[in-house]
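In what follows, subunit A forms one complex with subunit B and a second complex with subunit C.
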Partner chain A sequence: MDEATAPKKIGGLFYRLDQFFKPVPLLGYLLGVLVCVLWEQMAGEQLSAFLGLPKMPVLFGLLTIFKVVAGVINLLIKGDAFNWATLVHVPTALVYLTVIYLIPISLVARASVKPANALARYLQGFPLIITALVQLGLMYAVLHIWADMSDYRLITLKLTLIAVLFTLSLNIINGYMGEFSCSHPGFMAIGAYMSSLFTVGLFTSDKVLGDAVFTFSAAYLSFPLALIFGGMMAALGALIVAIPSFKTRGDYLAIISLAFLFIVKSFFENMQVLGGSRGIAGQPDWATLPVIFITMAFGIWTINNFVTSTMGKALNAVRDDETAAEAMTVNTRKTKMVAFLFGAFWAGVAGGMLAHVLRYVNPAMFSVQKLAEVLAMVYFGGLNSVYGSIVGAVSISLLGEALRPLEILKWIVIPLLLILVMIYRPTGLIAFKEFDVRQVFGPKEVD
Partner chain B sequence: MPLLHVTDMSHNFGGLQAVSEYNLSLDPGQITGLIGPNGAGKTTIFNLITGLYRPTKGSVRFDGEELVGKKLNETAAMGLARTFQEMKLWRHMTVLEHIKMARYSKLSYGLMGAFLGTPKRRREERKVTELAMEYLKMFAVDQVADQLVVNLPYGDQRRVEMARALVIEPKVLLLDEPTVGMTPDEMMAMIEVIRKAHERFNLAIFLIEHRLQVVRELCQHVQALVFGQVLVEGKSDEVQNHPKVIEAYIGEQEVEF
Partner chain C sequence: MTFTFLMQNLINALQWGSFYALIAMGYSMVYSILMLFNFAHGDIFMVGAYIGLGVSLGLLSLFGTGAAAILPGWVLLVLTILISMFLTAFVGIIVERVGYRPLREAPRASAAITGLMIGIMLETGNILFLGGQRFKFPQLHQFIAHTKWGMAMRAMAYDYVVVPLVGVPMNTIAAMTFAIGSALAAAAGILFGLAYPVLDPYMGVSFGWKAFVAAILGGRGSIMGACLAGFMLGFIEIMTVPAIQIMNRLFSLNIGSNLRDLIAYSIVLVILVFRPHGLFGQAYSSKLRL
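What follows is the complex of A and B.
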């Protein structure tokens, strides 16, 4: 009896939550989160002190909870000493999460339905670019305030945004085009090295690359050029993979691209000019949060433009039936080449940003583990979907951070989760969903 | 001068002579049928003409241009559209996207337009959408324009496929068994669709069919193919009642039972 009613109850709860949040536009959520982060900035310290938390939780309290879980596990496995008093951190962290985030965001988002929708409708009267800029600006403000509260947050956020761009660039090939490419970390490596070569080689004095060629204070303005240079070089590398892979029909890409990844890695390991296996360090600190945010937004925008155009939809046609695509005048080889190089370009740009966030780059960063990570993000989030890549990259990044206290067990939990997703949603969480920018930023009409 | 002119075309798959010394001349506006038992090489001939395979010997001239050596997408862009026996629709794409895709070679914007979403691209996409909707209306599938094509009933899928080939604005349409797997009613409707398309676009049609009724209704000229060779050629009735053709078909039936 209980078993029969229980799932229905949960379904009912989800249904009610869904109904509750249905009329909230993106603008409403943004306002909600803005209130949250301001509220945390104001009251976060006091509340965590009041709740007896050791310090303000940096990652929505998740890190605090998993630290306790890790303590219990270590007690059970290794018999390490465990301070039972920390057990209370689990409920208090949850209280913190609820009070600081969940309640304000729900209340504000829901209460602001009418004004937010009205504002979104008003903005709709302007060109799309205005609507987008206003909401992206708001989004940036939220992220900025949130990340301002700790350095850990800032770096986690930067790496997450880079992961979003990197994941989406791979989704072009593995999702939209439907061929399995393994060389993406290689393209990222090329981008990272080449943009570092540009910035470190030209503008800073370095042991490996020698003295600065130019010295002027506004040198950071050249950073976009460095990123484009890195991306272009990555695309050039992609050409080496693309020419033999797409010459004939059939699936050679997986093998050739995997070989390419290893070649790139050992190339950089053996290039003493580029620092060998120690790599290049001392990149200028130019990859600031706004730079990364703007680059990511621009990258998503161009990729989404491409995949929603008829020219880009040709990728889907090639994936679903290549012969039919060709019979309908699609130049399949050109289509595949363009998509592959385009994906590699953005991977290179992501690599350039990564090198300048970490401020070092070495070949070991671009190993098979990096490949596994980005593939997990693509397949977890969902193939053929911009939403999917955003969700996949953000959730795997945050999960990776939140589960960090579990140490080695983290690498059991994340793959296990992936397996579950593959069983219940074989193409990922949000696959094959079109990302309509106008709709995303527009009001939610519910009758 | 014929629109599509095939002379002495032969092809072998590693020693197996699939097509030998095949000839065809198709005038503008003419409907020619190609019949023959399974495995006679009918679809191979389609694949050879359109450039999916390259003939070992012979020439294919279309509108005065040599097609041998051109790829499938190139011959299609030149105005030689084809359909497939197994339809080959794209399972993750909507009906409208199918039709728009066939305008690929005529898109007026370049790669930068696609990446940056320029006004030119937006105008072009709107234009293509309008055109596609016209074609969908013509084939009475405009109501389902936003649905995934795999969710459509079989007859509608066939019509979408037909519209997709016609939006290329071809001069010659090659139809590979357009009524396969249809009920008699669906078949009659399909014959009407083909006839209408033929009249409206003044198409030359080259048609593979198993159902002799379809051939009789549509084709002025028929070729009967057996083991890669044209056995008999001529008016529809003459070919169908030719003793050699009957033998070829019945012979096949004897093997089957």
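What follows is the complex of A and C.
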């Protein structure tokens, strides 16, 4: 095709950027991010000192920028004193972001297109699990180095990864099966309490739950058991919502699940054995970053396999038309039961990890606010999509952290953003997109 | 266990139930027209209570208090309720215009999310800027059943695609529904403020969700059902405490009386398991818009 006949590609900056980065596989980005976190570890302190920033920006410089914004807003509204010298932090934080993150990532990712694609193609010859493990290992290395630089990053990252798993587990029921379930914080509460019961009750001495039953040094190896126990108990609790769902749908089921949430919360508030409304504290510090990362990756893998299986397709059939699905030999009862128990299991596991990250758990954590938060993550990211849940959970968590300096105004900005997303993209940012693991980890074919 | 103790609890239950009933009727009205639940309704109740507070303070300073009062107290109360209902109705109209009208064709769950978010914004706005007896509304049922506007509303509930085609102004009706629902919430807010004179920005959250439970328990879109279920929920919540006390005394047990929510919602759950369409709701055969 010569120059004259070729259709003229007209596009703005975003189109060109898209074209520029199109041939980069995930492996290339991972290499780029690895380089930039190493670069930050090496030169971050010096660069921020050189730029005159108060300390090394912990969250891509966003916190620094919004701190200045909050200062200006306070000046305008309340007339608080504002140090005009801090205004210079906005451009310097942007410079930091560009020099430390944007330039290395784009340079390395773009420059390593050929070797990264070749490596990805080479890895493709092995079983999928090898490919996945190599790239997940690389991803973990990146996150580990990034989070190693401050405690704030570590806790934010842990909570974000837990939120991803929790959002995804709700997406099974609300997105794939199309019910409006409000009970998810309840499942999370059961998981959190039961896994705490397991670890605190058996392995540590505690005022509420008594002395340790076992004392041996490798007790942390039992943490997966604690998580599974919590998840199983949450699934057992989900029976209370799953069984009525055979006869009830839509708003009535939403109320049953909401009633379930209130019941669970009230139950734990009144169980003096479990600490009542004060809750349980002193969980052992076993929810480390690798544990959470592995659990999340395993959860995403299992859930993705589940929703792409025949059973997962049956979920969509039940959502679109239950009667027709029944007529096409879909066992709707079994489908609903499995979806509820499966979603609740992973919510319970997420709850167990949350309890061990925060190292305390009380009923007030699992209120209607938690429900609004997770619903926002699911519907912001996109229904019926693993990508969507990851994007939704990560972006809402990071947004919440980045806007923290705005204090109360944060709760105006985030809802406003969500309303706009709902108006312009009613099903969420990335809805109804299948998560193809082979495609994600594979090379990018370019002509 | 005296008679007066029981009577006092009964009166409390009626009062508590009337708040739920008033809010639940607002939920139910909006549902019966637009087929969606206005999750910001609980916070409109809160806004109504605050507007009521502002209006009553304004009226008191205008017309004087105590011996210097120009108008008798009940006139002030009626004026407060009317003015606040009118003002809160506008809040409802704005909520409909901003949060619901752009989403009329979108999935219902998306509208639920915008509702939740508007609720959060109302609470936050409140924090930013401000750092009873049984009350029946029989006229409302009359309105829905017997007037021309009421007929239009019911027609919209029946089919909101065709009805605008025969000349019923759909947006006006929707706005009006929100206005009336919000006015009811304002009335509930003022009565709540009279009975429990402490207002806080999050008072709408717990009340709103519980009234939402009542609205569905009564049967979606059934205003009578919502009213009855509201009173029922209030009755259950209040009466479990003396019931537990009586039980404890009779059988010398030691059950904590703060199991209120647990028992109330277990009852709700059991009712919905055996009557899956609520107390007065009709089983729907047609597929709902998701």
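Miscellaneous remarks
The rule is short, and it goes like this: the second predicted complex is superposed on the first by the 432 of 447 C-alpha atoms of A that agree within 3 Å, B and C clash if a C-alpha of one lies under 4 Å from a C-alpha of the other, contacts with A are read in each partner's own complex, and residues count from 1 in each chain.
We take it that a residue touches a chain if its C-beta (ideal position, glycine included) is under 8 Å from a C-beta of that chain, and two chains touch if they have at least 3 such contacts.
What you see is a predicted model, and the numbers here were worked out from it, not measured in a lab.
Shared-chain residue A:Ser106: touches no atom of subunit B or subunit C.
Residue contacts after overlaying the shared chain place A:Met328 against subunit B, while subunit C stays out of touching range.
Residue contacts after overlaying the shared chain place A:Thr86 against neither subunit B nor subunit C.
Of the two partners subunit B and subunit C, more subunit A residues are in touch with C.
By the touch criterion defined above, A:Asn74 reaches neither subunit B nor subunit C. By the touch criterion defined above, A:Ser395 reaches neither subunit B nor subunit C. By the touch criterion defined above, A:Met311 reaches subunit B but does not reach subunit C.
Applying the stated contact rule after C-alpha superposition, one finds that A:Asn384 touches subunit B and leaves subunit C untouched. Shared interface residues of subunit A (contacting subunit B in one complex, subunit C in the other): 319, 321.
Taken in their complex, subunit A has these residues touching subunit C: 174, 178, 180, 240, 243-244, 247-248, 250-252, 254-256, 258-260, 262-263, 265-267, 269-270, 319, 321, 368-369, 372, 375-376, 379, 383, 408-409, 411-412, 414-416, 418-419, 422-423, 426-427. Taken in their complex, subunit B has these residues touching subunit A: 50, 52, 71-73, 76-77, 81-82, 84, 88-93, 97, 100-107, 109, 111, 113-117, 121, 125, 128, 164-165, 168. Those residues of subunit C lying in contact with subunit A across their complex are 37, 98-99, 102-103, 106-107, 109-114, 116-118, 120-121, 123-125, 127-128, 205-206, 209, 212-213, 216-217, 220, 256, 258-262, 265-266, 268-269, 272-273, 276-278, 281, 287-288, 290.
Those residues of subunit A whose C-beta lies close enough to touch subunit B in the complex are 301-302, 305-306, 309-314, 316-317, 319-321, 323-332, 338, 342, 384, 432.
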